[in-house]
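Everything below concerns the one structure shown next.
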Amino acid sequence: MKKLLCLTTGLVLMAGTAYAEDVWTGGDGLPTSPLACDGSPATLTASPYNGATVQNAPDLKGKQISIVDVPKLIGIGYFTATAKGVADAAKDLGNVDAKTDGPTKANIDDQITLIDNYVTSGVNGIVFAANDPEAIAPVLKKALSKGIHVVGYDSDSTPDAREWFVNQASFNGVAKALIDNIASQIGEDGAFAIVTSTFTTPVQARWISEMSAYTAKCHPKMKWLETVEAQEDNILSFNQANTLMNKYGDELKGIIGMTTVATPAASEAVKQANMCGKIAVTGLALPNAMKPYINGGCINGVVLWNPSDLGYAATEVLRAAVDGTLKPGDTSVKAGKLGDLKIVDGSVVLLGDPVTFTKENINNFDF
Amino acid sequence: MSHSPSQALRPMSSSALLKFIRAYGQETAVLLSLLVIVVVVSLINPNYLGPANINNMVAGNAYIAVAAIGMTMIILLGHIDVAIGALIGVLASIAGTLAVSGYPVWVCWLVPVLVGVFIEAVVGVLVAYARIPAIVVTLGVVSILKGGLITVTQGVWISNLPPEFLIAQFRLFGIPSPVYFMILLTIAAGVWMRYAPFGRAIYAVGGNVEAARTVGIRPERLTVGVFALHGMFAGIAAVLFGTQLQVIQSTVPNNLELTIITASVIGGVSIIGGRGTVYGSTLAAIFFSAVSSALVFLNISAYWLRAVLGVLILATVLADAMRRRQIH
Amino acid sequence: MLSRYVFRHETILALLLVLALALSANLSDRFFTVDNLLNQGRMLTEVGIIAIAMTFVIITGGIDLSVGSILGLSAITLGVVWKTLGVPLPLAMVVAVLAGAVCGAVNGVIIIKSRMPPMIATLGTLALYRGLAEGISQARSVRGYPEWFFVLGQGEFFGVPTQLWVFGLLVVVAAIILGYMTFGRVTYAVGANETAARFSGMNVDRAKLLIYTASGSMAALAAVIFVSRVSTTRSDMGMGIEMDAISAVVLGGTSIFGGRGTMIGTLLGILLIQTMKNGLTLAGVKGDGTIIVIGSILILTILISNLVNRKRD
Amino acid sequence: MTCLLELSNISKSFASVRVLTGVNFDVRPGEVHALMGENGAGKSTMIKIVAGVLTPSGGEMRVNGEAVQFSSPKEANARGIATVYQEMLLFPDLTVAENIFLGHAPRGSVGHIDWRSMRAKARVLLDSLDSPDLDVDAVVGTLSVANRQRVEIAKALSQDARIVIMDEPTAALAETDAKRLLDIVRRLRDRGVGIIYVSHRMAEIFAIADRITVLRDGVMIGTRNRDEVDQPTLVSMMVGRDIAQLYPKAEVTLGDVLLETRDLCCNERVRNVSLSVRAGEIVGIAGLIGAGRTELALTMFGITPATAGEIRIGGEAVTIRSPREARDLGIAYIPEDRGRQGLVKAQTIRENIIHPILDRISRYFLVSLRKERSLAVQSIKQLSIRTWGADQIAGQLSGGNQQKVVVAKWLGTKPRILIMDEPTRGIDVGAKAEIYTLMGELARDGIAIIMISSELPEVLGMSDRIMVMNEGKLVAEIPRAEATLESVGAAMTHSARHQEIER
């Protein structure tokens, strides 16, 4: 029995080793378009509108509308912040009833069911962050066909299933910010590792692909050690970060957290291991979760857009679409307190460049 | 005579070592597997056995080990609790909410334990007196706890926790406190289950309810008591879980309950009840973090972690089934 | 007498369902529309199909926790066989269902041969099958299915969602098997007293093997419909669906100890849960509130049913 | 001399059924008081009342002259009453020492279980029971039946019991073990313990009992000193009528040999059994529990297929690998454990009756509800099953009527060979008589019947021939004319191989 146990464990581990790939970055394998190394802006090509059109929409211009915000999941700080943005925009606009409801797990089926129910209940607009771009498409198309306006944020669906998508930052922009940030801390020949959510999460996989391409293009000597999964689970992220440090020892100079859960957890791991200053951590993170580490001097800086602004912008864009002030072909849209936002790639509203939170500015943010 | 299996076993009983292995077979098996993993992986990458990594491996799943102590008792009785994951999430959030509201830390640590005892005692009453199967009760409780947690916290992370509250980050002689909790509670529970009449009664009821009645044990009362105790361990596990980092999420790891149940089962608790100790489940919890760490060290994608665990569960329980067939 | 008891539980359920329907209709005028009701049918199909087979499994006194993972593995099989291996899609669908059947059969063989408790055996394969799904797919989604494929999950047939026909057909077939066919009698006998069933000349092992294989196949069929409904394949599909299916079956009056339960009960259980999910959402209750209600209803229904039952003994 | 225990006018009813009526019984110190009666006579009910498991509906119970009322076994224990249960209520995963002391283990200074002293005390106890070979640390699940029995007795004695109830303690023991057990009983008696001893074995009763009380149909027939009675008197007290009356053995002309086995084996449990049964013949198989009788039946019925040897049906060699194959060859088996093997108690009579013939009464796999009902109604009538209808739950019937349902379900397969394992266990005398009559009728119709029974009067009364099994072997074949309690009993207990099972 003991033999059996050991044997199977050994076998499975060996089988796993044999199967393991050499360098597995965790990217999605789709084509990439890394930005220029020097930061010169990418040429924004104006392309024709490629979003969907809402059918038989009632004319609600200026009238009171009710909208629902469906994030990937509820119960994590990031989407709590976007929900706050949605609520703020609704308050600023004055003629929008907004509500946030989402699945308790990042589960495609629950999200679809939820949206479907809201379509039936007859809301006027939906803002969403998709768990899967394809899976969510049918139900969104159904909403469009019933005269419901649909705007995405954070994680897109296929373009033909929504009108507009508010992009927090372009994929290659985030990739550049993260890689440049880590490179500036650990040097051009430093080695780093990534803690991501799961390899199945499209957004993270996209970023990682872009990061990999950008590293190859602009920081060719940097060593990408490996990418590990930690779901949206802070204890697991913490453990994985620890394991990375233990595995690579002095070789590991930096960790990039790809989720707002992983980055503070990795920071905590570095702090608890007394490796502040020896291992740099950066990544995507909410300022509130990072304040102890950045103010304490353990971590230099993390990258993120303002998720509240993201929710805010999505709501503003939706209102503009309902009112007809935002039409296919427009190149910018007015978004309340956020001012004018650019529109690229046919139907993508750009929130702006990602913000790097450092000791200097982090206390100005509260989300 | 040769047709009784007992004959084959009897001559061995003179050897104390064999006796030990026979009594703690599954525990020994887990320990050996753990050693095999440690030896193999550290040969490939010596960093695996670095003090920091050992610390992480032992501490990383300490809260799972603590929760598995209670789960072991529940399974010994022949029941199961699939709500333990959600419960740990709820109790951790309660602890965190109290902490940021400025209550003294001992209140923040004690209240979740008491709430855990209360909730599980209610489950125990439904199981023992209303005779609803434990899996049905706890299936319902999962929904109530999960929904309740989101409704109450609105999904907001609890941050700005006072440093003195973060008990899981305390260290003594460089070893994080969860390790002490895990070891002390495991030994305390192990000793209690061996030396306390109440502890022995768990084995009696799990092994043969009717026989237990004839020796004066009241199975219903005992069941409620064990569930309450299980709630206490859940509460302690929740505090350890919630204080490990600087923030408390209102979600728990996916399938946390399955991990805890698996730790108990791999640790040697017979799912039919009546046999097993808490030492095995604690070893199993450490074993899990050793495997999960080994996967990173061996560059094996975490995809395979689940497959490995699945094979392990099947192998151990198969071994248990085979051994049982030998006994009866 | 047995049928009388069942009638009682089903009466409670039916009353609850009527109550839930009435409440939902009262709370939102959009609930009682043909459109919404049919659409709810589309939503419940996957859980429903799995619950059909799960009813048989639980009546034999077993449980199958691995169905969610089998769903994931079959979905991945479908995607990989079609896209990576280039097998024609109709054939890939067959292969996917076969893969599910094999997974189910493996469960059955483990349970029969090792006499491991089904809960533990399928807890093991739950992890194993999900691990395989993730390993095989390397976590990549498969997309780009042809348009005709979506007929199954998104299309309609005589104005009713395609998969609802499938589900309806399966419910009827399963109800006939369970209620009127020899196999149904064997299923009940195995659950109520396995030894007596064996001594009555029934092939208990074959029945169990068939039931677990069917459970795997149904999970795989649900996977194909699911993929067709959401247009994509992911390795995390179906996570946790086993609990939904088990809840529906148990709510439907099937005893977790085996020997008792009906297809009508399971159907009522599924409908009740879906009605509450839908009705509460339309009434403005959020998802977290809804699951609290469902959890409470599950415990209360079984509690009431148990109390009624005990009084009668 | 004061009695340790005195029962006066004790009655017990379940629902509206009276199982004990006005029983008077007493036990004196240093006495073995045997309790006898057929199955269903009320012995177990009486024992359970004394042990505190059941509370009497009427009457008075005194321990050491003091009136008592027990509401739990624990209270009976506290009064010095201990029970050695027939089904052995032990914990298979725990050790010998712990099984003995569970619930009243020696405590240490902080109230903890003192394992060292517990093991030492267990050792002393076992030694006093002449069992120095029994390891106190052995896991009970690995022990032989005889050793478990000793653990049970040690458990009873561990609480200073003054009264020990022993419920058929030798039923499963081979001769040497049974003798050893009787020695233990004598030791206890000599220590002044009062023993209530339940047994079917006449020889044993006469060897050990001081007084004998006979129960029949819940009524006390009488208490006699051992030297006042002889075996035939006891038997007629138990049975209540002439054996010839109870066992209506009809003369039947025997037909051809229907079933024959040659050197049939099933592992170690059935060894080289060769027997034959003719049409219309009733062959009784006697033996101790564990002698391999049931195992032989299970082998012929395909539950545990033969590992060697041959089975011939109507002269043709056949292989039987499953009950279904056995059924198709015309073999039916009425199992010994009605509740576990014979019936699905939670289902209706109707459903139970068609279990073995599901395939035969269905078309296109659809069960013919019409045929099902008519078969059930017909069976109820034919076997006069007392029920309110075919839809009554089988578990609600009395033991005798449940047994008739089992018989009915197997008669529905139209068997040529009927194996009946303990066909009258736990059913009342009336139902017994009906079963015997039915057996006679079936034999007259040309069915070959193999009857396995532990009730010797029944075996003697009904069989044309008696086979005796011991340790898996057929050790004797006795024609009806030569069969007596003594001859059969001797063959049963005489170990073919004089080896000790336990070292």
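A, B, C and D label the chains in the order they appear, each numbered from 1.
Definition applied: contacts are C-beta pairs under 8 Å (C-beta built on N, C-alpha and C of every residue); 3 or more make two chains touch, one makes a residue touch a chain.
Only a predicted model underlies this, so the values are computations on that prediction, with no experimental measurement involved.
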Chains touching both chain A and chain B: C
Selected interface, B-C versus C-D, where C-beta contact pairs are more numerous: B-C
Far-end chain from chain B, centres as C-alpha averages: D
Distance between chain centroids, defined by C-alpha means - chain B, chain D (Å): 44
Centre distance in Å when chain B and chain C are each reduced to the mean of their C-alpha atoms: 30
Distance between chain centroids, defined by C-alpha means - chain A, chain D (Å): 73
Per-residue multi-chain contacts in chain B, two or more chains: 146-147, 149-150, 254, 301, 303-304, 307-308, 311-312, 318, 322
Interface hub residues of chain C, defined as touching at least two other chains: 135, 138-139, 239, 286-288, 291
Shared interface positions of chain D, touching two or more other chains: none
Chain-chain contacts as defined at top: A-B, A-C, B-C, B-D, C-D
Residue numbers on chain C that touch chain B, as the complex places them: 63, 110, 114-117, 119-121, 123-132, 134-135, 138-139, 239, 243, 246-247, 250, 256-257, 286-292, 294-296, 298-299, 302-303, 306-307, 310
Residues of chain B touching chain D in the complex: 1-7, 9-10, 13, 19, 22, 194-197, 200, 203-204, 207-208, 210-217, 270, 274-275, 327-328
Interface residues, chain A side, partner chain C - complex: 19, 28-29, 74, 99, 101-105, 107-110, 112-114, 116-118, 120-122, 132-138, 198-200, 202
Contact footprint of chain D on chain C as seen in their complex: 1-3, 176, 180-186, 188-189, 192-193, 195-203, 259-260
Footprint of chain A on chain C - complex, ascending: 28, 30-31, 33, 35-36, 39, 43, 46, 135, 138-141, 143, 150, 154, 226, 229-232, 234-237, 239-241, 277-278, 281-282, 284, 286-288, 291
